[in-house]
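My questions all concern the structure below.
Each chain carries a letter (A, B, C, D, E and F) given by its place in the written order, and its residues are counted from 1.
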Amino acid sequence: MVYLTRIERFNAAHKLWVEQWSEAKNQEVFGKCANKNWHGHNYKLHITVKGRPDPLTGFVMDAKNLSLLIREYITDKVDHSNLNLDVDFIPKDLQPTTENMVILFWKQLEPHLENCELHCIKLEETETIYAEYYGEN
Amino acid sequence: MVYLTRIERFNAAHKLWVEQWSEAKNQEVFGKCANKNWHGHNYKLHITVKGRPDPLTGFVMDAKNLSLLIREYITDKVDHSNLNLDVDFIPKDLQPTTENMVILFWKQLEPHLENCELHCIKLEETETIYAEYYGEN
Amino acid sequence: MVYLTRIERFNAAHKLWVEQWSEAKNQEVFGKCANKNWHGHNYKLHITVKGRPDPLTGFVMDAKNLSLLIREYITDKVDHSNLNLDVDFIPKDLQPTTENMVILFWKQLEPHLENCELHCIKLEETETIYAEYYGEN
Amino acid sequence: MVYLTRIERFNAAHKLWVEQWSEAKNQEVFGKCANKNWHGHNYKLHITVKGRPDPLTGFVMDAKNLSLLIREYITDKVDHSNLNLDVDFIPKDLQPTTENMVILFWKQLEPHLENCELHCIKLEETETIYAEYYGEN
Amino acid sequence: MVYLTRIERFNAAHKLWVEQWSEAKNQEVFGKCANKNWHGHNYKLHITVKGRPDPLTGFVMDAKNLSLLIREYITDKVDHSNLNLDVDFIPKDLQPTTENMVILFWKQLEPHLENCELHCIKLEETETIYAEYYGEN
Amino acid sequence: MVYLTRIERFNAAHKLWVEQWSEAKNQEVFGKCANKNWHGHNYKLHITVKGRPDPLTGFVMDAKNLSLLIREYITDKVDHSNLNLDVDFIPKDLQPTTENMVILFWKQLEPHLENCELHCIKLEETETIYAEYYGEN
């Protein structure tokens, strides 16, 4: 059993803001991340699949095909987007935190993988923060 | 003569959009960067000063003080901001490209440096794009 | 269940030296790391917590608060320190190796985490060496 | 139980090419990686061992010794080599993909580790692709 | 005057080998780099142009267009290639060292730049070696 | 004219402390860097030489030979050392700041380079601070 990871990148704007809270409460909880006019990040996304290398090709999965799937179902939708407003698979009432996004990305990609299993989605938001999801409830 | 560099980081949203152009023209020239709802980046800023090391302290400039000046005049103003809307020293009719920002950052910081000379402002916008300005006309 | 990681950095001096051994034996086992006058490193520390994202905030834990806890209980104590001499929670008869430090850091931080669980402490000592601890005996 | 990782690097040429396939089929499956005249990579190898830190030395394993073993059994054999032609432990009918190499590297190194256990072999081939193997069937 | 840099990557095989020398002489001078069966690298290429930002677009040059030119005239030709055998613009009797390649890349790209000036070509071959060329004789 | 850079690394302890000042004054000026018991860093050193590539070898200088010279005259002397106490070419009354060290390293290495010219010494002390010296008075 071998784990294969493909990294893709995207750049997006977002803010953290709970609608049912006052502006003061949002500022208190989210600080600068609650700026009404948005801020943004360069995101670095690691997608890890697991499987046995094919005896002929030596591939768990062709990394080029994995890249195409990631682009179709995730990064083409979020790149140069506003994560709060523009992305069909991010609910409008859910904060676009790294923690929530790794779960949403899993739901987007997992149904489209064949002959191997999705193992981990890791998303780096800044040089100092990243989240990982392994499909665990 | 020694060159000392301090790196600071900030995260911000922006878009590239020329008001006097149609939406179609903006899309044609700026592509995804013209998304009306913004996108964003993790910016990495290198500030280089030049001077002779002080015989006693060995400092061209105390890097902690350089960091404080960069924060006061640049990064506190742009971090978690919208570069098109929120920053007093970025003119509203100027595109917030890396090329324009290194010039604006120079004008912000240069008057506040004492006992050493500003040499270069370098701004990395993504893993593959950066701009540098040396105060040349 | 999502895993959230916060990275912090610190710079410190140390040496590896077993008191009950001769200088020759220390040199033989630890080589350059036994230099009596110390050497040092830029350490990069990854702290990973696990939990379910809060339905309102989308946070497993507020990364700013995690950072404050790491600073209070770990990095404020070890930054710009001598790991053999200056740190109250490092026993004087224990070598300050990366392996021992990840265990000590776990003991420092774990009691102070609320509403989420400490999952992993990873410490990078150089470009080529790092250690990880998951709380396993 | 602590996990200690040592990173080593090597540079090598390879191609992906199934002998029993036509040139057209190889091009279709492997694309540019099937270039008859080879291409190459800077590989970054992470070797992780697990064990309990020695009470005296604080080492799970001396990282210098781990480095010597990795060099003797892996990187001295693959560095500046052609992975399809030059390496005694890579079968000539096996594609030198990252997935296959982490398994072969495990078989090379694992018998030579004493007093600690091999936990993971991770191999980065490019900025965007890496594979990991934990000894699982 | 602002300097704008675009980074592109490519992977290639090569060897260093002077035809008029004996095998022993080649081994003596080039060491492992003279392996007859080739070795390879992940190359990281920085292309820097200089100019004044356009008053409307804020671009010295559109980084997307710069990327397209670099791909057309350089990286599409060298990516997944053998630098000694496959590249039309690398003379067969010239060693494909980083030093020679930055000069060849300059000659490839410089005639195709409009409205701005080529300033520097920097090529990283490994984590520890890179070369730069500024068009100086 | 091509510029070739070789990177080497070393790890060392140091402190910033002016003997003729009181402890309070040292703390005021140098802050944490004045810790009596030292602290330390992983230093990353870039040595750049300039010259014309040899027509046969394609080398400005053999990077392996450059590495050997850097080790002999610089890094073997500073690696795993105390920069204030252990290094013969660092005067005891000079602060071992990055600014002072790039000048001292230049004086160490420059006399030993043949057939090419020393162009720049760059020393990275942390993720956010580096100094460069070009031999300018």
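Assume a residue touches a chain if its C-beta (ideal position, glycine included) is under 8 Å from a C-beta of that chain, and two chains touch if they have at least 3 such contacts.
Here the structure is a predicted model, which is why all the values come from computation and not from measurement.
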Joint neighbours of chain C and chain A, given as chain labels: D
Greatest separation from chain D - chain, by CA centre: B
Pair from A-D, A-B or C-F with over half of its contact pairs in common with A-C: A-D
Cα-centroid distance, chain B relative to chain F, in whole angstrom: 28
Chain A-chain E separation of Cα centroids, rounded to whole Å: 34
Shared-contact residues (touching 2 or more other chains) in chain F: 127
Contact pairs between chains, per stated definition: A-B, A-C, A-D, B-E, B-F, C-D, C-F, D-E, E-F
Touching residues (chain side chain A, partner chain B) in the complex: 9, 11-14, 32-33, 35, 37-42, 79-82, 85-86, 126-127
Partner chain D, residues of chain A touching it in the complex: 1-8, 48, 53, 56-60, 62-64, 67
Residues of chain D touching chain A in the complex: 16, 18, 29-31, 94-100, 102-103, 127-134, 136-137
